[in-house]
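Below you'll find a set of structures to go through.
Shared between the two complexes below is chain A, which has chain B as its partner in the first and chain C in the second.
This part shows the complex of A and B:
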């Protein structure tokens, strides 16, 4: 919008164009212009030297043009692209996009003879990137070990490599009014419902912000339930997960400069799965799947159950356990509720400390936390050993949840249920569970029920729910849009 | 918006249904493992009640090693009603008694001679803290003494008493637990029943038969000796194991001991006109366990004939003895024949329900015992 171009006079003075570019970039020092003559043509190259690769510019633009002999007058302005050994050279007719191209690391070629002026754009971007290593927080046992990186071009490459299909579609969006960020909407045509794609398109294009910093922030901008703790979009850094999701008919969003890919719609079932589930034979894989579900339940309910039993429904504890519990709690100064909150607080602090610290010191924190604090807290009688066991087991269970965002959500829910249990015992716990499950049943991620396939019930889909049934060769999936 | 308000309101309404909810830390409770009831009949107090508290500090743990004292404390207090005695506990014990972990209840003979059992039990059935699974025992000893006997393998006398009846599959003489639930069922059925009896034998707790509670006055009518309990179990089809001993008296030879594998008793009331008779047939499979007649050759076909005949006679005799006790001596149907009559001949039962005790005494009972000997063990020394 910014470079004004006269509609009447196509042969705008090129120096004006150059000046306009200069003006647009506020005369920044890394904006470079190079002028030279080839035969009868005046050529000006414009590029940002920090993100354009000078070697590419030199090899693909300057040296081929300079080898053209001076006397060769057969070169026409329209024939210039044929001289350049580059796959992607585009003619720019809309001068408004020039700034955008320059920011992308492209080189603008302004060619001028006496009458006309043509503008071409050549991709000469210089990448600074790391290798697509295995993501730290999503380790896998047997699957592919590549991970997304900060360079969206490479992320797209990774996806193309994982899904060799002509149906794999990338749709580009540009978000942000101040700083623009490219978002790619990825889906498999034919596998994905058209309504879903349209909904994601609508939501993405309705985002109006100054800038989008990261995929995780985009996820929050796209969410509709602001007060829910459950993630509406799954974020992942492994191409395998995205590829699997695309094959299931979901869509994915890639954000430029972010290794986080988003998957929508998200269901609770999906958050509790790992790609590893599919790499093992179905019976052990199903057992692992069930274990994950049990783990999720334990990580939410165990402390609350313990509190309810110890301070409300004593009669439900087996007698011998009740007797030994009352012995171990003898002399503990706090009621079990306070004790539980103290311990939970300690664990959360330890966990945060472990995340923030550099790796070599991180292990020290866990040693100090687990052994020194835990052990001495028990032996000095501040907390009962049973409570330490309950809380640490809960923490371990929450580590075993495959998705970190879900694990965070469940942590929050755990505190809510713990608080309810502390006020009303098992009855309070049930009320809290009732509230949480009402919320979950009502929750939708991109028009898909969050608890699918459990609520609304769809037994057919349970083959990939609590269990993971065997694969059947020859089973053809229906096209969703038919 | 209205819907949203409603969503918040509905869970809040649930808070009204919380009933008694206040929290009580487990270490602040006086967990009661056993109660013993006794009759005093003194001027000051009519009853005495012993509560067996858990003393958590004295529970031996793996860390501290040897125990410091007994892990339980018996508190015997007197009063005119049970609830008032329980409340009196608060004068001496800082931890309020909690009965959700009650393991056994021991009632003295003296109390049951003076008070009908339905009066005694009514409070315990009514109160919400008492579970219907608490077993009741009767004793001719002092109740406090029974609850003070140091158990050797368990931690609490209460558990020891209760767990003794776990041996019903080991011995014919162990009468199965009678818990609060059964008791209330018998009382509302207006039937006679038996309560297992415990006593002290050389400073150990021992199961010694059972007491018969009459359905007329709900008091003790008589006692069953341990071997009579065996006969009762054959009749009530509660035999789960045990031994049958053929002594010299029955066989004229060295004693033979058989172990019961499986047993099934069928009771069939037969009505001819207005004349009721009962066919009782026992089918059981047994195994030769101990044989003092080493000359016996078990590899010869028909080796078991003699044993079978003798063992059947032994069991039949004990069954008939218990039936005659019930019919002739006490005139009380603690054998529970009435359930079969009620089920199979409801018309007859409706007519004679009121006079069942006297009818029962005259009902002819045909006892038929049929045993199968399934083996002679791993090895025979011949």
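This part shows the complex of A and C:
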């Protein structure tokens, strides 16, 4: 929002400037003006009283100026900033930016003597913020426990604390035509490919929307594959993840007012890693990494495999198991496909209900739902116990996936593969896997293949793929761009 | 790996293309012709012939860097004959794809889906392949790289599991050589190495000019396929014996069926084999499908688009439905072999001679 050109001219005097500000803010009640005289100078302070800190204004602006004796004529208009005990005070020549500064919580100082008028901006923002607690959906066992918060200044501070490097660069963008939001592009100069930075810059500046609500929404605005279920940018709330990504030569985007930081480019491998993997010794860490991969596969394929084995290829199940399976399925009125869909649906509903309800009730609902419904469904013979086991194990596996967005994507894929398995058995499942992997192979996140390092094959990078090899002291850090 | 033109994707492409139907049907065909326990020697002969043929092809593409067969054929023999040659190659690619997917659908019908009509099995496969082919060569190469470790590990696991059931007596006598029979077998085994001719299509994507690089690519890919085939021949003969091989339609799958480990979740391992094998069929189909599509595009001078893609897909699909049963399918292999001779040896040889002659006379 800008002061309109027609109203603006160089010779505006102070009172009309005040009026203009008032007009711009439509006389909102929290816009405050404070007028006083220091020696021969007329001073007007303008600020929004709710987001500017009155104590800072009193201590750093008003009281130093009021102590100046009235008769002191040596004070010149240009000398005013020297009187104020503030680290950053800026002179504003472009009056169009005044509204923006006021909205940022700054105080505008309009100083006027008989001939001239100067405008200064002082940062007096008051933050309402929580402490940088550990993010709820990204808990860690032994890593740093700080998390991003809604205040972008603090998020930048957190990043600076994690990466003490002179190469750490923040580039500011302003998005939104109606409500402006600040976006910071963060990268490490020298580590990050210039083409990647340029691509991100281009994409960010090409976003044209009324306003950007949140980091997660920005991610969707930046994505190129609108029909893909897989996230093209990783969103995270932990500074550690962002710092690691920056060190690998990726870039990050911070959004004002959102605790979600975005990391680009993203690969599937990256979504299956957690910072914890690096905190333990490499052998257990590798086992955990492999477990994560297996978990991901199970969460996608298990129900489909079960369905196709039970309804198409019973011959492939060992005889004794087949006998006990058919015993448990005795009396179940539905074909196993319907049974699976029913159970999947129930689990998804339970999960959503658990998320929506307040925490204390939420856990009750899931316990009641899982135990009571599951137990009764089995004992009344609507579903077979094996099916309940398969579906709940799948659900548990999908909880074990480190990234929530990936787990959502895999949930969607699971239904597709389940459907294919229900129509064409193991063969249909295989074809569905081909289709999904074709999609993944086609997918690029900021020009980086999504399945790196598995396709294109890069065996050197496999040391941080299925497994996590030991660190070598003196070895160069990995970089996505190499 | 960090060379400007990595050869690994090409090697993987060729291996994934070459391994296909051969691994399932070849033991039987060879057993019918050679009929002795050391028939795996024919496989080695076959690979040598294939290697020589690949060298012939390479001499040709070396003369036209960054061009596919469809680009340089018109330059050498004139526009219309060149287009005819391209068309023969396209027909070859389409019919070989049709042949392999039909064989696959027979196997799928036999082992997995006994009541599903062939057309559904085929249509699903062709449609999913169409999706992959529409994404372009670089993505196809990536897809092959993604599945390559899976294919290889499937072969390794199957080998390890079946070593136990080999009966050495079936493999004897080893050194009774009937050279003539083995050479006759070469004619059959050679065809299970087709796939390397697609280097004439890949040459448009990457330049091949050095003999060293080329022998490395062809040598490694044919060599490893040959190793896998020989291994599976030995497993087949060792587990099933020559007499049985002659009567079983799909010996390798039957071989996988004989593996039994009590207490595993899967008691039967043919599923594991079928899984990996369908992947190889899919990769082979993709490679030929793409070549055919590229050929069609170059012949009628237009960009790759969804209409042509559908056209080629439909052609493969309907050709695959032509044989009425498995006997007719196998007898159609004879026509296919003749077409292969034309596409593999005939066209490159004629083009090479003419381009040499042109160079001499100018």
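Definition applied: the second predicted complex is superposed on the first by the 466 of 482 C-alpha atoms of A that agree within 3 Å, B and C clash if a C-alpha of one lies under 4 Å from a C-alpha of the other, contacts with A are read in each partner's own complex, and residues count from 1 in each chain.
In this section, a residue touches a chain if its C-beta (ideal position, glycine included) is under 8 Å from a C-beta of that chain, and two chains touch if they have at least 3 such contacts.
None of the values given here were measured: they were computed from a predicted structure.
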{"item": "Partners on chain A (chain B, chain C) - clash or fit", "value": "clash"}
{"item": "First, second, both or neither for A:441, with chain B first and chain C second", "value": "second"}
{"item": "First (chain B), second (chain C), both or neither touched by A:145", "value": "neither"}
{"item": "Partner chain in contact with A:425 - chain B first, chain C second, else both or neither", "value": "both"}
{"item": "First (chain B), second (chain C), both or neither touched by A:456", "value": "second"}
{"item": "Which of chain B and chain C A:332 touches, first, second, both or neither", "value": "first"}
{"item": "Contacts of A:312 with chain B and chain C, given as first, second, both or neither", "value": "both"}
{"item": "Where chain A meets both chain C and chain B, residue numbers", "value": "312, 315, 317, 319, 424-425, 427-428, 431, 434-435, 438"}
{"item": "Chain B residues within the chain A interface of the complex", "value": "7, 11, 14-15, 17-19, 21, 23-27, 29, 31, 33, 54, 56-57, 59, 61, 71, 98, 100-101, 103, 129, 131, 155, 159"}
{"item": "Residues of chain A touching chain B in the complex", "value": "310-312, 314-315, 317, 319, 322-327, 329-330, 332, 335-337, 422, 424-425, 427-428, 431, 434-435, 438"}
{"item": "Parts of chain C lying in touch with chain A, wherever the complex brings them together", "value": "1, 8-9, 12, 108, 112-113, 116, 120-121, 124-125, 128-129, 131-132, 135, 139, 141-143, 145-149, 264-268, 271, 274-275, 278-279, 282"}
{"item": "In the complex with chain C, residue positions of chain A that touch it", "value": "312-313, 315-319, 321, 424-428, 430-431, 434-435, 437-438, 441-442, 449, 451, 454-460"}
